[in-house]
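Order of writing sets the chain letters: A, B, C and D. Residues in each chain are counted from 1.
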Amino acid sequence: MALLECQEVTKNFGGLMAVTNVSLQLEKGEIVGLIGANGAGKTTLFNLISGFYPPTNGSIRFEGDEIAGLKTHDICRKGLVRTFQLVRPFHNMTVWDNVMVGALFGVQKCKNVSRAKEEAMKVLEFTGLHEKKEIPAKELTIADRKRLEVARSLATKPKLLLLDEVLAGLTSTETTEAMKLVRRIRDEMGLTIFMVEHVMKAVMGLSDRLIVLHNGEKIAEGNAKEVSKNPTVIEAYLGEKLHM
Amino acid sequence: MDLGSILQIVFTGLIMGSIYALVAVGLNLIYGTMRLLNIAHGEIIMIGAYVAYWLFTAYGVSPFFSLILSSFVTIVIGLIICKIIFLPMIRSGKSEESIQSNALLLFFAISIILTNVVILIWTADIRGYSYLTGVVQILKVPVMLNRLNAFLVALVICVIAYFFLQKTMLGKAIRALIQERTAAKLVGINSDRLYLVSFMMAFGIAGLTGALLSMIYELSPFMGFPYTITAFVVIILGGLGNVLGSLIAGFIFGFVETVGISVTSPGLQSIISYGVFIGVILYRPKGIFGKGL
Amino acid sequence: MTTSKLGKYLSGLGLLGLVIFLCVIPFYSTDYIVSVLLDILTWIGLTQSWIILSGFTGYISLGHSAFFGIGAYVMAILWLKLPYPLIILISAMSSMTLAFAIGFPVLRVRGPYFVILTLGLSEFAKYIFINYEVNVKGTVGRILLGVPNIRTLYFSLLIIAIVTILCAYLIKRSRFGYGLFSIKEDEDAAESLGIDTSIYKWLALGISAFFPGAIGATMALRRTYIDPYSVFDPIVSFQIIVMAFFGGIGKLHGPVLGACILTLISEFFWARYPHYYLIILGVILVFIVKIMPSGILGIFDLFGKAGKVVKFVRRK
Amino acid sequence: MMKKFLLLVIGVFLIIFCLNGGALAKDNIRIGFSMALTGPFAPAAKGQMDAYLLWEELVNKNGGILVKEFGRRLPVKLVYYDDKSEAETAVKVYEKLITDDKVDLLFAPNSTTIHFAVFPIAEKYKAPIVGNTAASVKLRDLKSKYFWFVTATMADRQMRALVDLLISLKVKTVAVVNIQDIFPRENLEFLIPYLKGGGFEIVLQKDYPRGIRDMVTVLSEAKGKNPDAFIALSTPPDTFLTAAQIQEVGFNPKFFFQLIGAAAVAFGPRLGAATEGISTFGHWSPKAPWPGAKAFLDNYVAKFKVIPDYLNSTLAYVSCQIIEQAVERAGTLNWEKLSEVIAKEEFPTINGPIRFTGSENLQTPAMVLQWQKGEIEIIWPSEVATAKPLYPKPPWPKK
């Protein structure tokens, strides 16, 4: 049974068809890349899955039970958590406190603060942020902020992690660092990852499977090689097909 | 409900509405451009009223002329306050949150200082003067001239404020600043100068409103605060920063109050007006037109 | 680690010493001094309970005088019918219940709209009480005769203030506190991390309304005559905010200090210059905000920050 | 961090002790009171404050009060603080005056609300206070040996006087409006049954909240009912508003009564000729035959350049006279003895002779006053009237 299953998911904002009839499945332990041009509906799909707003119709099932229309915090407690395209740290809180919030309210819901401190410490060490644990989040570099966002989500002990352009705006060394972290999350923590990315090198390298969205519709699915050869994908990306 | 009393209600609704719209415009300008809630707004109105009163009783200056003089006095006050206290604070680059909380403290202090300076100069006694107390019949409904005058002047000022903001360059710059502050600065709008302009405009209109009100109502150093509350309610109804919205909301609030009084009983006036306000905000949390910031 | 443990022990002792000092003062000072302390405790209780909602979640309330008013009226209605500590508890419970009743729809509104909505709500409550009193009861005010003496009131307010501070202190360090602070920092991010923000805001509002209810009830006894205009006074809501910001809402002891210092300064000038004290206070407030932008505690923060950066740089 | 906090808090509490003033040798009589210098009661309190200041000046001009205990006249010194129109601040003021400044005597604060708040102080410290600007029937329930109130205009006696006047004028229909405030609401409580008892037809009865900004709708509705008498149980701000807008609406009742504010300082100059025939309540007029009444008006005008408030200023001055004579008769500043003298004796004042029965002044009759030719005359009850009632009231002068 698939970890995440979307069927005919549609969302329109008063006439504007943001996402239409998208169906997809994610198996446990996969890294799946979601690619598409700007405005293809990637972040909207993420917002639908993570419960920011309910789909106009269609169903979203996580571990078999329906989550479309559930509140974001309930979905998080079921083990599905997302990061934001524009990073949203708790600015005036220290790094440690930020991660502790995840530990306190996620799936494991640590009852007291001291246990949450330990859990958070583990995640900080895993993501290499433990040295900066006392610094307020607003004083971090953009790379560290993205890393903090991931660490905070990991602290909720999720089963499925939605990464929204976690590599955008990073230097090449920072990108390789981040890719290593994503791979370790899947390998060492056994998480399933569904990531939106524009950095082709990374998403091709990392993901087992790719899903391509265009104008709100799913136009292709498959591994990196199949997708790069698929004519509709090329046309979508490069515009009209070049008639040689 | 014969025609006469219906017209009476309509006229009173218009007069009260125009006053509330005028009272709200200034507050909305400062909030729109600088995101600061001026809780001393009522006191500026009070200062305008006292200046008009003083000019009329001491020097016999006709209140028409003192409309300009009192708004001039409050513009100067606005200039001083903005230049000395607010601009340095905003330039200090503190976080948005601490600027807003400090502004609240500063406006609170200013309202205390202004009220008590007036008490020292004119004592806490109730004061007033009679001007334009002639009564004119419009469609067989008696309206006192000073209230009619308040309505007409308020209407004119609201229209001027509206066209200033829509049509002039300065007005467009202010509206840009209201919509998106950082973007406006990026395209070369000198925000400091505009903060000063909106401060002066807001204080000027408030002073003028005070002069208008001084013809109708009695003056006391504590008359300001109720107008601050009403102004807050009206700019929230119209949507913060939405200057046109607050003009219309002012009229709506004036009508709700007047109709509420005549339909039920005046005793319920405040319950009705606050009840309507609460209902609207719960139903449309960004003001009636939903275009608020 | 030992120095901070010793530090904790010392400040714990110091705190205990302060509480004993506060319990002993009323017996060695004139009634006037006790009444000044009463003022300070009232403002500490009101600002600290305001912090629980507005300081922790960022939802600035401009209607806390409504909770104060409800507490005062419940006391006036039940006076001499029940033992007075029980009435204080009932008054606090009723103002909390009312907060819970209106909590959900009101807390859906955000930002300045919430601020002015709370102002509207407290004015609405005031006029409801006025019309009830005028039309049903036929009077506008109520008298409370045979009120307990000032020292009894002092001790009940002392207990209320201590419980408020303790409650705020415990919440701040608890899981509930972390939830509230995340809401203040970024409500949507908090929601996505599993925090049921509407329930948390709702609880914070209820708790924050409990203590002003108790304080309103006690102060009703102090005034012996209450009417809706004086107990639902919107200016009290503004003064609460001024004191909280003056003290700096970041730290827990900020509002406590804000309340102490502001009350004492205004008491000092009020006693010396009955005609000019408010102008002097206004000018002082402007200067203090200009010099210490983040409130009285700003001075400590400046030292505090310097200390942290040095520690961090040394480790690097 | 906690250590810094503790140091500062303890330091702060030490400042408190520097707040109390020192004691003084007995070379004057220090009289303490709380006054609303700011806040909603401040406008009405000004008349009372000026009366106190006038009394202080006049008493000190002839050497102060003769106190046998010290064998000579002692000048008086007023010690006062602003109670910001707040009950709890007023309570704090009187605690400061008694336990901190240790004043010799106490004067009354302003307004009914504050009188109620201060009453337990008189009781607790056994400090005699002669109340003045308070008027509520509930004051009678305050059984106390140390608290009296001079005002004769209790709601029941005042409304009785008004209704008796209406009966004598053969008025038939009445319209009543009142503001939702303490004294006006209490007057309504007695006015309605008295009117019904007197066989009057109440054609309209409405109330309105404080801070009302428009009376036109109510007044035009009242005009529609065309009542003989229009009774507005109002307070100063709305009294002025009603007086202006009743002319706008052109409503000309044969009898027009306004509760508080029509005898205020600014009312005459504000309305000019339009005051003709407007009646109000009160219990004093400079033309009354009481000793010193005219002199009080002249001294007041000389010092403050405005006429006194016929209500607050006179009540305040009367309470000072009572305390002054009580001290001279008792020959001491001892509170116990003073209370006995105040409770038993009769005192001649600018408002006529006053003797307290219990804590109330039943001797001065509640009266109805009326503006006639720019002057306020007493028109009811007839035995103290200084002029005949002007009925029907002339219509509003044309603008």
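Here, a contact is a pair of C-beta atoms (placed from the backbone, for glycine too) under 8 Å apart; a residue touches a chain by one contact, two chains touch by 3 or more.
Only a predicted model underlies this, so the values are computations on that prediction, with no experimental measurement involved.
Q: Using mean Cα positions, find the chain sitting nearest the overall protein centre.
A: Closest chain centre to the overall C-alpha centroid: C.
Q: Which chain's centre, taken as the mean of its Cα atoms, is farthest from the centre of chain C?
A: Measuring from the centre of chain C, the most distant chain centre belongs to A.
Q: Could you state the distance in Å from the CA-based centre of chain B to that of chain C?
A: A distance of 31 Å separates the two centres.
Q: Per the centroid of Cα atoms for each chain, what is the distance between chain A and chain D, given in Å?
A: 74
Q: Counting in whole Å, what is the centre-to-centre distance of chain C and chain D, each centre being its mean C-alpha position?
A: Taking the mean C-alpha position of each chain, the two centres sit 36 Å apart.
Q: Hey, how far is the Cα centre of chain A from the one of chain B, in Å?
A: Inter-chain centre distance comes to 49 Å.
Q: Please output the residue numbers of chain A that touch at least 2 other chains, ranges allowed.
A: Within chain A, no residue touches at least two other chains.
Q: Using the touch rule from the top of the page, what residues of chain C touch 2 or more other chains?
A: Each of 127, 131, 134, 275, 278 in chain C touches at least two other chains.
Q: If a residue has to touch 2 or more other chains to count, which residues of chain D qualify?
A: 37-38, 40, 180, 207, 209
Q: With touch defined as at the top, which chains are paired up in contact here?
A: Touch list across chains, by label: A-C, B-C, B-D, C-D.
Q: Quick one: in the complex, what on chain A touches chain C?
A: Listed in rising order, the residues are 50, 52, 71-73, 76-77, 81-82, 84, 88-93, 97, 100-102, 104-107, 109-113, 116, 131, 134-135, 152-153, 156.
Q: Applying the document's contact rule, which stretches of chain C touch chain D when the two form their complex?
A: Of all residues in chain C, those touching chain D are 7-8, 10-11, 14-15, 17-18, 21, 25, 29-39, 127, 130-131, 134, 138-141, 143, 145, 147, 149-150, 219, 222-227, 229-230, 251, 253, 256-257, 260-261, 264, 267-268, 270-271, 274-275, 277-278, 300, 304.
Q: If you look only at chain D, which of its residues touch chain B in the complex?
A: 37-40, 42-43, 45-46, 177, 180, 206-209, 211-214, 216-218, 220-221, 224, 236-237, 240-241, 244-245, 247-250, 264-266, 270-272, 399
Q: For chain B, which residues count as touching chain D in their complex?
A: Where chain B meets chain D, its residues are 4-5, 8-9, 12, 15-16, 19, 115-116, 119, 123-130, 133-135, 142-144, 147, 216-218, 220-222, 226, 257-258, 261-262, 265-267, 269-270.
Q: Which residues, counting only chain D, touch chain C once they are in their complex?
A: 1-6, 8-10, 12-13, 15-17, 19-20, 37-38, 40, 80-82, 86-88, 91-92, 95-96, 98-100, 113, 116-117, 119-120, 124, 138, 141-142, 180-182, 185-186, 189, 207, 209-210
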